[in-house]
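Each of the next two complexes has subunit A plus one more chain, namely subunit B in the first and subunit C in the second.
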Partner chain A sequence: MQDLLNSILKDTYSISELKHRLRILKNYLSESFFGGQKVELTGVEDTNWLKSLPAQFFQSINKDNIYNIFTNLEADVKKLTILTMYLTFEPDTTTISQIGTFARKNFGPSLLLDIKFDPNLIAGTALVWKGNYQDYSLRSKMAQKKEEILESFKKFLR
Partner chain B sequence: MNIQTQEVGYAVSSRDFLVYLDGLPTIRVNDLVESETGLRGWVNSIFEDNVEVLMLDEGQVVPKQQFKRLPSRLGIPVGDFLLGRAINPLGIPIDGKGLLFRAKTGPILELDQTAPPVESRQFITNQFLTGITLIDTLIPIGRGQRELILGDAHSGKSGFLIDVVVNQKNTGVICIIALVGKPTITVRNLIDILKANQALSYTVVVATSSSDPAPLIFLTPKTAFTIAEYFQKKGKDVLLLLDDLGAHAKIYREIALLGNKSPGKESYPGDIFYQHAHLIERAGNFLPQAGGGSITALPVIELNLDDFTTLIPTNLMSMTDGHLLFKSSLHSQGQTPAIDISLSVSRVGRQTQDQVSSFLSTRIRQVLSAAADLETISRFSSELPTHTQIILRRKELILEFLKQEPLTPIPKQIQVILLALPFTSLFQDKNRLFAEQYKKIIIDSFLNHPQLAPITKSVPKLKSDEELLKLLEKAVPILLKLLK
Partner chain C sequence: MINLSINTAILISAAVAILTSLLYLREYFLRKKIYQSQRKISQIKLQKIAQLLAAAEEAETQVLAEGSFATKKLLAEFKIQLQNIVKDSQQSINSSQNQLIKFMERLQDTSARFEEASKISGEKRINELFERLESKISDFLIQTEQKTTSSIDLELKAARQLIETYRNAQLKLIDENIVAMMEQTLNLVLAKKLSLKDQLDLIYEALEKAKTEKFIV
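After this line comes the complex of A and B, so read on.
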């Protein structure tokens, strides 16, 4: 089970992406095992990702264990450590994978990112790690130096 | 507040006002959390993988919504500025009189406090005077006692409570009234009545209306007790009315059932006894080192058709020091207050009563019980022995003197005199109608008449009811002249 999850996590860095990929994988496998409606893949990325999965990955899944495997996978996903990141922009896949690689290298191999959009931060980021919110954004820096900033603005008042 | 570091949690699931959060590593029960949209909630319980929060504000909680831990815990600012005001359980004024305080803020006290231990309490020795003859003489209440008020709808409970509060004028007693989930109009009316009777200046009203969120209604008695404790710790005697704990129990049942707690008797959760006992234990008479004041608590329960054998009334009867049973049947017969004397009890008040009142109340109880026995027999015969007639007449006279119109307090000494009069020769050949007709004149005479007023003044010095009767016997000729 862990091998399966590791193969999926290999180049999946965010929780939303992981959930999306698990869904399309489940749909794809159900379709190939049981037939029915054809899975509509949303983009080339999804197709490429499915192709990139190793051959052993598919060998271990069959008609009889598919539902069990996915139930266990979903339970395992809930146990993964998540680093929530508040950003002021919507990052593209490359940026997410860059951040993800860096974070996994430093904090743990199976870490997942939860990217949230918060324009109020102005610039920079705020992180939530194990329930603790750390604000490294420009907003918090400005709030810290509010007095100094106001003081320097006052110089220009006539 | 350090905005750089904060504890946060994310909504995992929600059901009505109940939200489960993931995160918040060092959260404690009764901590406050706030969502991004400004909805506040308080932590009710903590599980291994999530935190149960009860929402205090109404609004929509969406999945993965972020909740921040607030620096303050569940508490309210307290101070003398609360007197004359009506607030909700979070200390927000609801009387439209503006901010509670402008310049200085009071200390913030947590709502959920453990009851003071036994070493900070003392024996109840002073009587809590309600100004109501029936209570002060027959079912006396002590300062620091917990007396349950039971009664069905329209039995005059609310009127009685207002009377007790209004009668505390100029006694230095602080009154706290907790209205649990009452209609808004009831809250408004109560404030208006208290104001019209100049009783608002020493009263704090803590009210939630029936349309408020359940977790907020649940907090009402806790807030009332917290305010009562503030005044008690300043050495004041506090009267606390909880109207009513039946509604409180129902709200707690709603919260518990929504939170998947297993239902027990009458679908109430297993810890409903704890919830009420935990509250009621906070009342008492305290030693000077614990503040010195007292909290006299009068929790109210509305009964369904006079039935006091259900779970919540019996629970509360077991955790209070007595109860007053109001009956709508007595109320409709014109008896105010409509208290059933034979079914009401005070387990503490007796020790606080002076000797004369104590002897007198025993004498009255004897007459009432003897009359009850004789009444059945008297129905079958037209000619009754004189002795029986006297007892039956005395009973009627006593019940007449025990009747008291709302908002007419009677001083302690006059109460004693009134109840002793049926045993004097004045009423030997007088009936109930005579008593009804001249009750007011008798009270006025004993307060103001130059020859009768000294008797009133000497009542506290008397040692027994015999002495009082002798004294009153001397006053009979004067009274007879006055009542011609």
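After this line comes the complex of A and C, so read on.
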């Protein structure tokens, strides 16, 4: 089960992306096993991702265990540690991958990101880890150096 | 019978008439006798009265003569006495007048001295009163000045504090506005000017810092 999850997580870095991929994977496999409505993939990325999954991954799933596997996978996903990141822009998949790779390199291979948008941060990011919020953005740096900035600004005004 | 009766009645009437006449005559003579005696007495009385009047006139004349002399004598004595009394009275009045004048002079003198003493005492008391008043006014003015100065100082301090508070609040507000403006400007500028690489660098820097600070364990 852990191998399956690791395979999915390998190129999946955000929780929204993970949920999306789990949903299309489940639909894809259900269609393969049981037929019915055809899965509409949202883009090339989804198709490429499905193709990138190893052959063993698909071999381990059949029509008898598919629901159990996905139930367990969803349960395991809930146990994953999620790092919430507030960004000042809306990153694309590549950018999320870059950030996710860097984060996993520093904090562990199973780390998932929950990307949120906050334009007030100016630049940089603010993080939420296990319920604790920490602002590392430019706004926070400005607030820390507010007096120096004001002094410089006042000097500039004089 | 009847004739007899008439005769008897006539007889009785005649007898009564005679008796009445007798009684009348008797009364007449008695009254005449009384009248004569009374007239005689009256004459005697008149004589005596005349005598008495003569004696009285004589006595009166004598008395008048004696009275005139006594009166003259009394007048003379009275005059002398009166002159003495007047003289004594004049002396007494003069003496009293002198005493009164002396008393008045003494009184005037005493009054002048009393007035002088009162004046001095009054001036002294007024001077003391003025000194006390001056001292009290001076104290009052000093206290008032101190209180006023203290009050003004407090008011000034409060006003300065109020101004300082207001100034600080306004400066803080201006600072906040400056910071807000800068943030807004930076937000607008950096959103356009900051490249993806720069954004990623900042994010990597933040993650490394979180690691260093052990925010993410």
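General observations
Simple rule for what comes next: the second predicted complex is superposed on the first by the 155 of 158 C-alpha atoms of A that agree within 3 Å, B and C clash if a C-alpha of one lies under 4 Å from a C-alpha of the other, contacts with A are read in each partner's own complex, and residues count from 1 in each chain.
Just so we're on the same page, a contact is a pair of C-beta atoms (placed from the backbone, for glycine too) under 8 Å apart; a residue touches a chain by one contact, two chains touch by 3 or more.
Nothing here was measured: the structure is a model prediction, and the numbers come from that model.
For the composite obtained by superposing both complexes on subunit A, the positions of subunit B and subunit C are free of clash and fit together.
With both structures placed on the common chain, the touch criterion links A:Ile115 to neither subunit B nor subunit C.
Looking at the shared chain after the overlay, A:Met142 reaches subunit C, while subunit B stays out of its contact range.
Of the two partner chains placed by the overlay, neither subunit B nor subunit C lies in contact with A:Leu5. By the touch criterion stated above, A:Leu25 is placed in contact with neither subunit B nor subunit C. In the superposition on chain A, A:Ala103 makes contact with subunit C only, not with subunit B. Put simply, the three-chain overlay gives an angle of 30° at subunit A, taking C-alpha centres for subunit B and subunit C and rounding to the nearest 10. Within the superposed three-chain model, A:Leu150 lies in touch with subunit C and out of touch with subunit B [touch as defined at top]. After overlaying the two complexes on the shared chain, residue contacts for A:Leu83 are found with subunit C alone; subunit B is out of touch. Between subunit B and subunit C, more residues of subunit A are touched by C.
In the superposed model, A:Val128 lies in contact with subunit B only, and not with subunit C. Nearest C-alpha atoms belonging to subunit B and subunit C sit 9 Å apart in the superposition, given in whole angstrom.
According to the touch criterion, the shared surface of subunit A, contacted by subunit B in one complex and subunit C in the other, consists of residues 132, 134, 136, 143. Residues of subunit A that touch subunit B in their complex: 84, 128, 130-136, 140, 143-144.
If you check the complex, the residues on subunit C that touch subunit A are 175, 178-179, 182-183, 186-187, 190-191, 194, 196, 198-200, 202-211, 213, 215-216. Note for the complex: subunit B touches subunit A at residues 3-10, 22-25, 68. By the touch rule above, subunit A contacts subunit C in their complex via residues 83, 85, 87-89, 95, 98-99, 102-103, 106-107, 119-120, 122-125, 127, 129, 132, 134, 136-139, 142-143, 146, 149-150, 153.
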